[in-house]
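Both of the next two complexes hold chain A, though its partner changes from chain B to chain C.
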Partner chain A sequence: MNDELVIGGQVVRSRLITGSGKYQDESIIPQVLEAAGCDIITVALRRMDFDRPTENILRHVPKNKILLPNTSGARTAAEAVRLARLARATGCGDWIKIEVINDQKFLLPDNYETIKATEVLAAEGFVVLPYMCPDLGTARRLVDAGAAAIMPLGAPIGTNRGIRTRDLIEILIEEIALPIIVDAGIGRPSHATEAMEMGAAAVLLNTAIATADDPIAMARAFRLAVEAGRLAYLGGMPGASTFARASSPLTGFLDQTEA
Partner chain B sequence: MTITLNGKSQILDESAELLAILHDRQVDPAHVVVEINQSIIPRDAFATTLVNDGDAIEILRFVGGG
Partner chain C sequence: MPFMELLDEYADFDFHGFLASVTANQVERVLAKSHLNAQDYLTLLAPAAAAYLEPMAQRASALTRQHFGNCIFIFTPLYISNYCVNHCRYCSFAVDHHIHRRHLGLEEIEAEALRIAGEGIRHLLVLTGEARHKASPEYIEAAIRIIRPHLSAIGIEVYAMTEEEYGRLIEAGVDSLTIYQETYDRTLYAQLHEGGPKADFAFRIDAPERACRRQIRGVAVGALLGLADPRIDSFFTGLHAHYLQQAFPATEVSASFPRMRPFEGGHFQVEHDVDDRLFVQFMLAFRLFLPRVGITVSTRERASFRDHLVRLGVTRMSAGVSTAVGHDPEGSTAQFEIADTRSVDQMRRDLAAFGYQAVMHDWNSRYLAVR
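Up next, the complex of A and B:
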């Protein structure tokens, strides 16, 4: 079956995108990526720690992966643009996850600033994946601004609460032609399956794998969950009903008497 | 002279090349991006860029993130 995911003109085999944050031991990241089957991994840009000048996350990222730097730490569109340009100056590609957050309690993205940053960066040739609060009007503006995909949140970052914004994400999947990638809130493989059954193009998660007791096992569980959900979506799931519908024939019972 | 390096004030004896500042701090130039006064310095210009009194330098690198 031809079921390609294309983002920014590039074919992506895996519909599971994972983050590189929160690992107790970053050296297991290659094994996690292998178990997860991921093509894309997110990273953040931060000031150099001169006490640990040799630490380098990229050492743990195989060369054939697409690096998706985020603009975490940005509070305005201007800060996100500045971080994106710096990320591109590393020479690691031109993909960027726009993350503009003012709210430190729930880490909810600022949709207005996100649209502004997307507009500027898409015009500069970046492959822009904006993280956003699921809202149809915003999604349409992000499409117009040149986004390569739309990344609505399922629940606040790191909460593992699942897809609490389900109905709003379903509207985006219905109405927006770009890939919809559910980002944040996915805490269990079953949440990832739910997103994929809904018709999401992919899921992005970090905490659920990185902070699991066994991140490599969890990565494999998520890989299978994403594949299962995608296959179920493509398979066309039958609807639910209130009353029972027998799966076995209701005729030819033993001892049945003919009228 | 005084520069601001990643938000901290630092005293340098004299103007120095950016590359020398990185080497002094055991920083591999291949792993970082650098801004001076909010302008990005291309990596191939590290050796020829002079850091001057009052410059604000940001040296960044990728870390784990979601």
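Up next, the complex of A and C:
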């Protein structure tokens, strides 16, 4: 069975996307990507020092990866748009993960500004992956705006709390034709498996790998977890039942012949 | 409601009675909670919580790693003028102290910016004393504009300004404002600042809000520990940070817990000594109360102590520091003695040895100039 993930017209082999922040030593990133089997890595533009290429985090990103710059630090659509244009102008490609955050306490994305930035950047030919609070109305507007995928959060970023927004993400998976990539909140491999079993197209996580005691081992664990979850989803899991099957069913009398 | 009004609500609160009454059971109940409120924070500042430093440290360390990663953000201060008209009794820059005064010209400021950038520093904190006739808002603005092309992010730690003045400086390229209240005890504040514009307690405490209204990216608050009862000033530092986080959710809030250091011309008697254990208790309680707020530790603290603090909740550190104008102790008097004299490179190596990455670059608002 051909199980391709296509984003923005490009075939992506791995359904695990990871980031580049929070590491104690960034030079470990190539080994992490290798262990995770990632095709896509997201990099915060705010951390890129274009004045000092030798210090730039990009020196740790292998050339054969798809670079997904993100607009972390943007507080408005206008700021996100400018950061995206800077990314393109400095040779970081056309892919962009939109992060517009007006809330430093929970780091929850601003859906309204995210839609506005998506409209502008998709029209300029970017492959736009917007990070959002899971909400069907917003997701539909992002589709109309030209997003290439939708990235709802599983839980507030960096919390490692798992898929707390499960019911809302299930609605997006059901209703939205674009790939749904669960981003943020995934703290354990089992969370990643859960998202993939639900039918998410991919997962994006960073903190759980970057702050693990052994990031390379954790990257491999997530690779296996994502693959397991995807296989389970494709395999068609048997439905779980909340109630035990009674040996004396309540409707059994309907089959009985009255004496 | 401005923070000043929130402060007023505590006017009659019996802090000493509360702090003395906190029991081990109460501390344990707070530590069992997932989210702490202001009263919980005060509970962890009480003497009874001193017996729980290790569990507090374990939790603070995990929270900090989770939210900020294995990263410490590095900056360096640049003093551009130490002329001052204030009478702060605890500061060597005070007007009545006969010290070497210096005021950098714009060319000297640019040379300093280039020298600092040459050391690998990308985030700079620009400091002045309070002397509008020398270090005017226009002078500071000109300094920012001349520094801007050479560095990534610029903070200011200068006298309290009007909202319009902050707006102009933000427009010129200022990313963050550091302004310490020194003490949240109004009576003591009046005694310590008998002359000069800094005597206006309300104008100073409102300063972060004025900058936030102009969409500054970051603000940092704090109290100079040792002036008033440090538990109470630490409490208000946390309350202030919490207030700013709630009122201005888009702004990155951070705090610091600076301890008094020896300074030139000073015969100031520090009434409230803050030993290392108490300092650590303050930092841990703050981290548990405000998991996402940055904590800065300056070179007031000695190198070995700072190294240990890295694991406990610190997110930002200064390096390659001089508190004299223009890095020139011969030419001007330092504001206070620094205790950690390590170079930027040494800091990077030492942080790496502790398992932390020194982040030199975290933002550049020049990027937003892209059209």
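Keep in mind that, in the parts below, the second predicted complex is superposed on the first by the 234 of 259 C-alpha atoms of A that agree within 3 Å, B and C clash if a C-alpha of one lies under 4 Å from a C-alpha of the other, contacts with A are read in each partner's own complex, and residues count from 1 in each chain.
By our rule, a contact is a pair of C-beta atoms (placed from the backbone, for glycine too) under 8 Å apart; a residue touches a chain by one contact, two chains touch by 3 or more.
Just so we're clear, the structure is a prediction, and the values are computed from it rather than from any experiment.
Partners chain B and chain C, once the complexes are superposed on chain A, run into each other and clash. In the superposition on chain A, contact is made by A:T207 with both chain B and chain C. Of the two partner chains, neither chain B nor chain C is touched by A:D255.
In the superposition on chain A, A:T54 makes contact with chain B only, not with chain C. Of the two partner chains placed by superposition, only chain C is touched by A:T159; chain B is not. When the two structures are aligned on the shared chain, A:L107 is found in touch with chain C, with no touch to chain B.
Using the contact criterion defined above for the overlaid structures, shared-chain residue A:P69 touches chain B, although it does not reach chain C. In the superposition on chain A, A:E4 makes contact with neither chain B nor chain C.
Shared-chain residue A:C92: touches chain B; no touch with chain C. When the two complexes are overlaid on their common chain A, residue A:S20 makes contact with chain B while staying clear of chain C. Under the contact criterion defined above, the residues of chain A that touch both chain B in one complex and chain C in the other are 21-23, 26, 45-48, 50, 55, 82, 85-86, 89, 158, 207, 210. Those residues of chain A whose C-beta lies close enough to touch chain B in the complex are 19-23, 26, 42-48, 50, 53-58, 67, 69-70, 72, 82, 85-87, 89-92, 157-158, 184, 204-207, 210. Residues 21-26, 45-52, 55, 73, 75, 79, 82-83, 85-86, 89, 101-107, 158-160, 207, 210-211 of chain A are the ones that touch chain C when the two sit in their complex. Across the complex, chain B meets chain A through its residues 6-7, 25-28, 31-33, 35, 38, 40, 42-43, 58-66. Only residues 65-71, 120, 122, 152, 215, 245-246, 249-253, 292, 352, 355-357, 359-364, 367-371 of chain C touch chain A when the two sit together in their complex.
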